[in-house]
Amino acid sequence: MLKKIIEHSQVKSPWLVHYDCGSCNGCDIETLACLTPLYDVERFGVLNIGNPKHADVLIVTGTVNKRNKKVLKQIYDQMPSPKIIIAIGACGLSGGIFREAYNVVGGVDKVIPVDVYVPGCPAKPEAIIDGVVEGLAKLKELQQASTPDTDAIAS
Amino acid sequence: MSKTIVPFGPQHPVLPEPIHLSLTVEDEIVKEAVPAFGYVHRGLEKLAEKRDFHQMIQVVERVCGICSMIHAMCYCQGLETLMNVDVPRRGQFLRVIWSELHRIHSHLLWLGLYADAFGFESVFMQFWKIRERIMDINEATAGNRVIVSVNQVGGVRRDLSPSKCEWILAELAHVEQEMKDLESTMLNNYTVKKRTVGKGVLTQEAAYELGAAGPTLRASGIAQDMRQLAYEAFDELDFAPVVETGGDAYARGVVRFRETFQSIDLVRQAIARMPQGDTFVKVKGKPEGEVVQRVEQPRGECLYYIKANKTKFLDRLRIRTPTFANIPPLAAMLPGMELADVPVLILSIDPCISCTER
Amino acid sequence: MIKNIFRNFVSGSATRPYPIEVRPGFKDARGELANKIGECTLCGICARKCPSQCITVSRKDQYWEVDPFSCVYCGICVEACPQNCLLHYAEHRKPARKKSGLLLNKNESPKLTVVSENR
Amino acid sequence: MAGSVLLIGTAPASSAPALFASSAFTTSIQVADFALLGLILFFGIKFKNWIIAGLSLAQIALLAFFEFVVLKGGHAEPAGLFCDNLSLIMVLIISIAGSLIVFYALPYMEHHEHHLKLKTSRQPRFFALLFLFIGAMNALVLVNDLMLFYFCFEITTLCSFLLIGHDKTREARQNALTALWINSLGGLALLLGIVLIYTQLHTLDIQVVISQAKGLDALLIPLGLLCVAGFTKAAQMPFQKWLLGAMVAPTPTSALLHSSTMVKAGVYLVIRFAPAFEGTPLSAGVAVCGAFTFLSAAALAIGQSNGKKVLAYSTVSNLGLILACAGINTHAAITAAILLVIFHAISKALLFLCMGSIEQHIGSRDIEDMRGLFGEMPKTALIITLGILTMILPPFGMLLGKWMAIESAAGNLFTLLMLAMGSALTVVYWARWAGILMGSDFKGDSRPEHLPGLARLPLVSLLVSAVVLSMSAPFIYAKMILTDFSGTTAAFSVSNGVMANASGSFAVIPLFLIAIGVFLFALAKSKPGRRTRLSGPYMSGISGQENGTYIGPMNKIMGSAQSNYYLSGFFGEKKLSGIVNATAGILILIMIGASI
Amino acid sequence: MTLVYATLGVIFAPFAGILIAGLDRILTARFQSRTGPPLLQPLYDIGKLWGKEPMIAHRFQPLCAYIYLAAAMVSVGLFFAQSDLLLIFFVQAVGAVFLVIGAFLVPSPFSQAGANRELIQILTYEPLIIIVLAGIHLYTGSFKISAIYAMDKPLLLNLPLLFIVFGYALTIKLRKSPFDISASHHAHQELVRGVLTEYSGRTLAIVEIAHLYETILILGLCSLFWTTSVLGMVVLLALTYLAEIVVDNISARMSFRWMLKSVWSTGLVLSAINLIWLYSGGRI
């Protein structure tokens, strides 16, 4: 019973933490735009919680560079599982147009495992919403796979 | 004895972008603020050695997503002077229209974040709701919401049909109306004034000596605006810089608020006076020589230095952005403020770190 | 502000119910990049012009490949294409769980490929 | 101690042993009085402190006038001893807390003198003074004769002076002299009061005075003077200066004299005479003064980072609360006062002793230096934290007392306002202290600490008694306090551990049971399981290897210091003291004036 | 009987709290012309937090959270048992103190600063609430809730100013602008989540549940101002909460110094006026 409730609510209340890891603000403002009246992701229970320790979804925008990859790693580590990582925008996916710049390590998946890739430069808010929905779908599949983690928690 | 050091950023909910400030506070009064950078640096100036000068347009557009159009415009102006191309008049007007639209959406975005910085969530929502109209205009006219990518060396890539112009004017009318609804809140609300008036005061002298730029400078009573250089079609538009004398966070808010109306007006003028004709000219050959180009971004003066050597790769590209000029004033205005005011003050210079670090 | 919020309250929510009903994209918005491979002559101008260097064209193996996860949707290639066989859909490209390039072969059906990060 | 326990049951008892009757005894007391004052005068002259000299001279003159002019060389009929439950409770506190503190003092003074690198041990002097004080204090609460009372009062003053100055440092001497002159001021007030009372009633028998004073407006002035004496002893605003200075003394002194017992002498004086001025303007005045002290001292404590000063201010503040109760002067209020006396004595002694151990261990009194003390000395940290919680949280005794106080103050606007704000301020400075004590690096592991058994024993036993006594508060009330109000309706009805009256109820025992249950449950639940992940603090994503550090500008490893807010803008000592003292002085003047 | 009431109250309070919180979030969204979350969103949030991987920043933090929850539950229970108001309030204070201690445990500047701010908030509202309770005592002659129910006229008529003063405390307790200083619901704040920063996973869930209990308690206290008719009580609660949401939406977050100064000055003045009026025998 409790397990059911927990699993249901895990897909019903994803709290975001957004880390701009060196993007051009394009994707950042689109991510923020998702919270605003015209897109209002709070419909899906999304809150921009800002604190990795409370967050379930990490939204990363922008290329990873040599300095902020540590930060990105640490934020990832401070998030309690289950967690979904969403990389947004060409830069976040592969380094985009900056792939060959000297200070660019590359896409987010060079540092942390990424669950959903949202293409676009910048990705439209619709695309980002799609990304979150996709991430939640993936979470649901994980629950079906029923990792020992969720079992133990519910017990 | 009661000293607290707060690592403010790089990942922090009130910071739209990764900048780090080591704040030393006593009873939440900031004693010292040491900024740290490098979380956004990509090194795209050096990318000019790998991309030819046409492709570099798309690169400089992504120096900063919020004022991408103006970056690209400045870059193209520079190349046009090097290759002495004359942009057709209509092209110049279109550049003005899109750059002013960018200014509007940047200021609306800023007003929202600013309201959020002093914890006024509903105002944040309102401004961003208004902003969506501008984003729609961008997408409908230029094909993308944020990075419109309309510039090319010798003009603009897209044109505006009369019907589109009509529609833009109608949308802008809405925007203006909705802005007016929020005017009393932004300018007269008691709590807002409590949080902004007298916070981070920058006297005229200080602003001048610390080299502030853009609205930060104009809020301290110095009427300096690169648009006075009358680049593109500004020579035909009547325009006077918006100036406030308060020099505090409140004044900066007022300047940007009024500039939004001004930009709306400029777009109207431009649409009204725009002649028919081509939007661009084909350019041949390669650039040579060096040039310094200055334009007014939403955040202030932006400066491009371009050195070309008659190959398709530029010799040197140097970008100096307004936020870079506004960091020293920020560091100067933080000490003595409350910790709760730090976000307001950081926002009050409208930082664009990705511009600054490129 | 009171007036404002109560106006919002009575005028109902302005939210676009996105995933439920999709707003049609604007005409000539720069969405997903596609190639009518039938008309393509594999001239390779797009590959040369692309600022993001995300297109590869091989006359030898008769294919045109794009890495949609590093494409910046600038539209340069579309404008440069002499055959007008490149085009942007108005809708954005959907998110994916895996990164994969889109390989269009002249005489095979389109297939997804693994793109190398740094070509 | 044992003897004092035996006294239980005999109460209330009034006795006039033959010894007291003998004129030789009375005469010797008179002589001793003069000797005492002479000694004080000597100190005044020796340290060139003319205030003390003047005050003691004034007392000598007044005493001489009393003995030889008023009494014409003879002496009043001796009153002997009187022991009711109030005295008994005081005796128990003094003896039990006193002896525990003395135990504690043995290892403490060893370490102390070792620390000071003294050639010759001065412990004999120290302990002699302690015992002298305990004796005098016991006598003070038992005697029924005003002159004897005055005598003991002066002895305690002198002991306090000598003990504060024990370390012979410059600072110690200064503060000792401050204490001496303020207390001699109190002595003068007391003596003057006694003389006036005698001229009115021609008796020195305290009980007689109390019984006859009812309705005698002329007696309000002397009673007011007695109250002022009590205020000085209890270091009420504006006399708090000496108590803060007294913190230079070795910690056992602070624990015994300056928190749990001697300062209570002043409180005892007021509570003892409270029935005499029930319902008079003087009573209201006492209430307001006390409440004001409660508020202002609590406010001043917030501005302090020096642990012992916080303790001192909180002592002043709580004494103010007790005096406020005495001033409100209903049965409920007096009950509250007595309960507060008990619980405050125990908790505060505990806190002082812990403070002493911590100070000797980490070599600092600053609260900020105790950050993460749990990692350093887990047991002591735990004990002091619990001690702090007994000060501010229900169902412990202090809060029971506060509850009674507020309930009985509800009819009394200004007192109420001040009590309300004061209690909130109290929570602030205690809670933040408790918080940083338990804080440690996130693993929460801690080095084993070594504390001599003689030092540990008092801590533990005080803590246990604090808890147990709080639990048995209803029975204490029923068995020991209620009997003093014989003949009148009980302020509270006690039924299965719930203290209730018309206006409210405080379920002591049930709450205790719940609290214990909850605590054990929470302890069990919050044990980190094997899958529990320990994560460092959130540092905006740049925290370093070391817990609580981060990688700052120029990739420098920075320690992110934390500290409490002391809000010097609101509660700074400099900012407040002047205003507070002035206000308090005015209030006291009003109090005296009102009684004319 | 009272025991039954108490248990029922303790059992159903969190669900009522969830509904209220959900309604709050929907209304707030509507005021910002958004659609807002589903009504049961708070339940989902708590359930999700409960299911998170256990992650603690200090060994004693869960302990503090549990005690916070227990204190909140006991105070709600006492409330529904119609017990002594002061006692209820003191028990609730236990929880507040332990929440703060839990935040103090971790050497993170954000949670430390948040804890300090939380203390200042406690410092701000505690006197006000005690004074309000004393005003009730002055009017009903008792601190017992049952005594209030015995009155034939609603308290509001005689304690209007005290109700406003109570409103301040309500706003602070509900963490709404302009007083969402120690921890705001949406963390666009200089201290990330302030006092809640270091609580995570199940510990945070417990804190949230405790907060629901506190909401119910504080609203219950609010309901005491109109005890004569159920309808009146409901209307009063609805209007008060609506006012809270509106205030939240029309004001910025203030600094704690401003809070301390303004709330104490206005609050004390207002309550003093009302109390003096009562002392002078004024009655309606």
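We call the chains A, B, C, D and E, going by the order they appear; numbering starts again at 1 in every chain.
By definition in this document, a contact is a pair of C-beta atoms (placed from the backbone, for glycine too) under 8 Å apart; a residue touches a chain by one contact, two chains touch by 3 or more.
If you're wondering where the values come from, they're calculated on a predicted model, not measured in any experiment.
Asks: Which chains sit in contact with both members of the pair chain A and chain E?
Replies: Looking at chain E and chain A together, the chains touching each of them are B, C, D.
Asks: Which chain's C-alpha centroid is most distant from that of chain C?
Replies: D
Asks: What pair of chains is linked by the most C-beta contacts?
Replies: That would be the chain pair D-E.
Asks: Comparing centres built from CA atoms, which chain ends up most distant from chain B?
Replies: D
Asks: Taking the mean of each chain's Cα atoms, which chain ends up nearest the overall Cα mean?
Replies: E
Asks: Taking each chain's centre as its mean C-alpha position, how far apart are chain A and chain C in Å?
Replies: Chain centroid spacing, chain A to chain C, equals 22 Å.
Asks: Give, as an integer number of Å, the spacing between the C-alpha centres of chain D and chain B.
Replies: The mean C-alpha positions of chain B and chain D differ by 64 Å.
Asks: How many angstrom lie between the centres of chain B and chain C, each centre taken as the mean Cα position?
Replies: Comparing mean C-alpha positions, chain C is 28 Å from chain B.
Asks: Taking each chain's centre as the mean position of its Cα atoms, how many Å separate chain B from chain E?
Replies: 43
Asks: Mark out which residues of chain A touch at least two other chains, giving numbers and ranges.
Replies: Touching at least two other chains: 19, 36-38, 40, 43, 48-53, 71, 75, 80, 96-97, 100, 121, 124.
Asks: Give the residues of chain B that touch two or more other chains, as numbers and ranges in rising order.
Replies: 4-8, 10-14, 28, 58-59, 62, 122, 124-126, 129, 147, 189
Asks: Where in chain C do residues touch at least two different other chains?
Replies: In chain C, residues 1, 5, 8, 13-15, 17, 51-52, 72-74 touch at least two other chains, as defined above.
Asks: Can you name every pair of chains that touch?
Replies: All chain pairs meeting the touch criterion are A-B, A-C, A-D, A-E, B-C, B-D, B-E, C-E, D-E.
Asks: What residues on chain A touch chain D, complex-wise?
Replies: 19, 51-53, 70-72, 74-75, 77-78, 80, 152
Asks: For the complex, which residues does chain B have touching chain C?
Replies: Going through chain B, the ones touching chain C are 51, 54-59, 61-62, 122-123, 126, 129, 136, 139-140, 143-144, 147, 149, 157, 181-182, 184-185, 189.
Asks: Looking at the complex, which residues from chain C come into contact with chain A?
Replies: The touching residues are 13-19, 22-23, 51-53, 67-74, 92-99, 115, 117-118.
Asks: Could you list, by residue number, the parts of chain A that touch chain C in their complex?
Replies: By the definition above, chain A touches chain C via 37-40, 43, 86, 90, 93-97, 99-100, 106-107, 109-110, 115-121, 123-127, 129-131, 133-134, 138.
Asks: Please give the residue numbers of chain B that touch chain D in the complex, ascending.
Replies: 1-12, 20, 22, 26-28, 34-36
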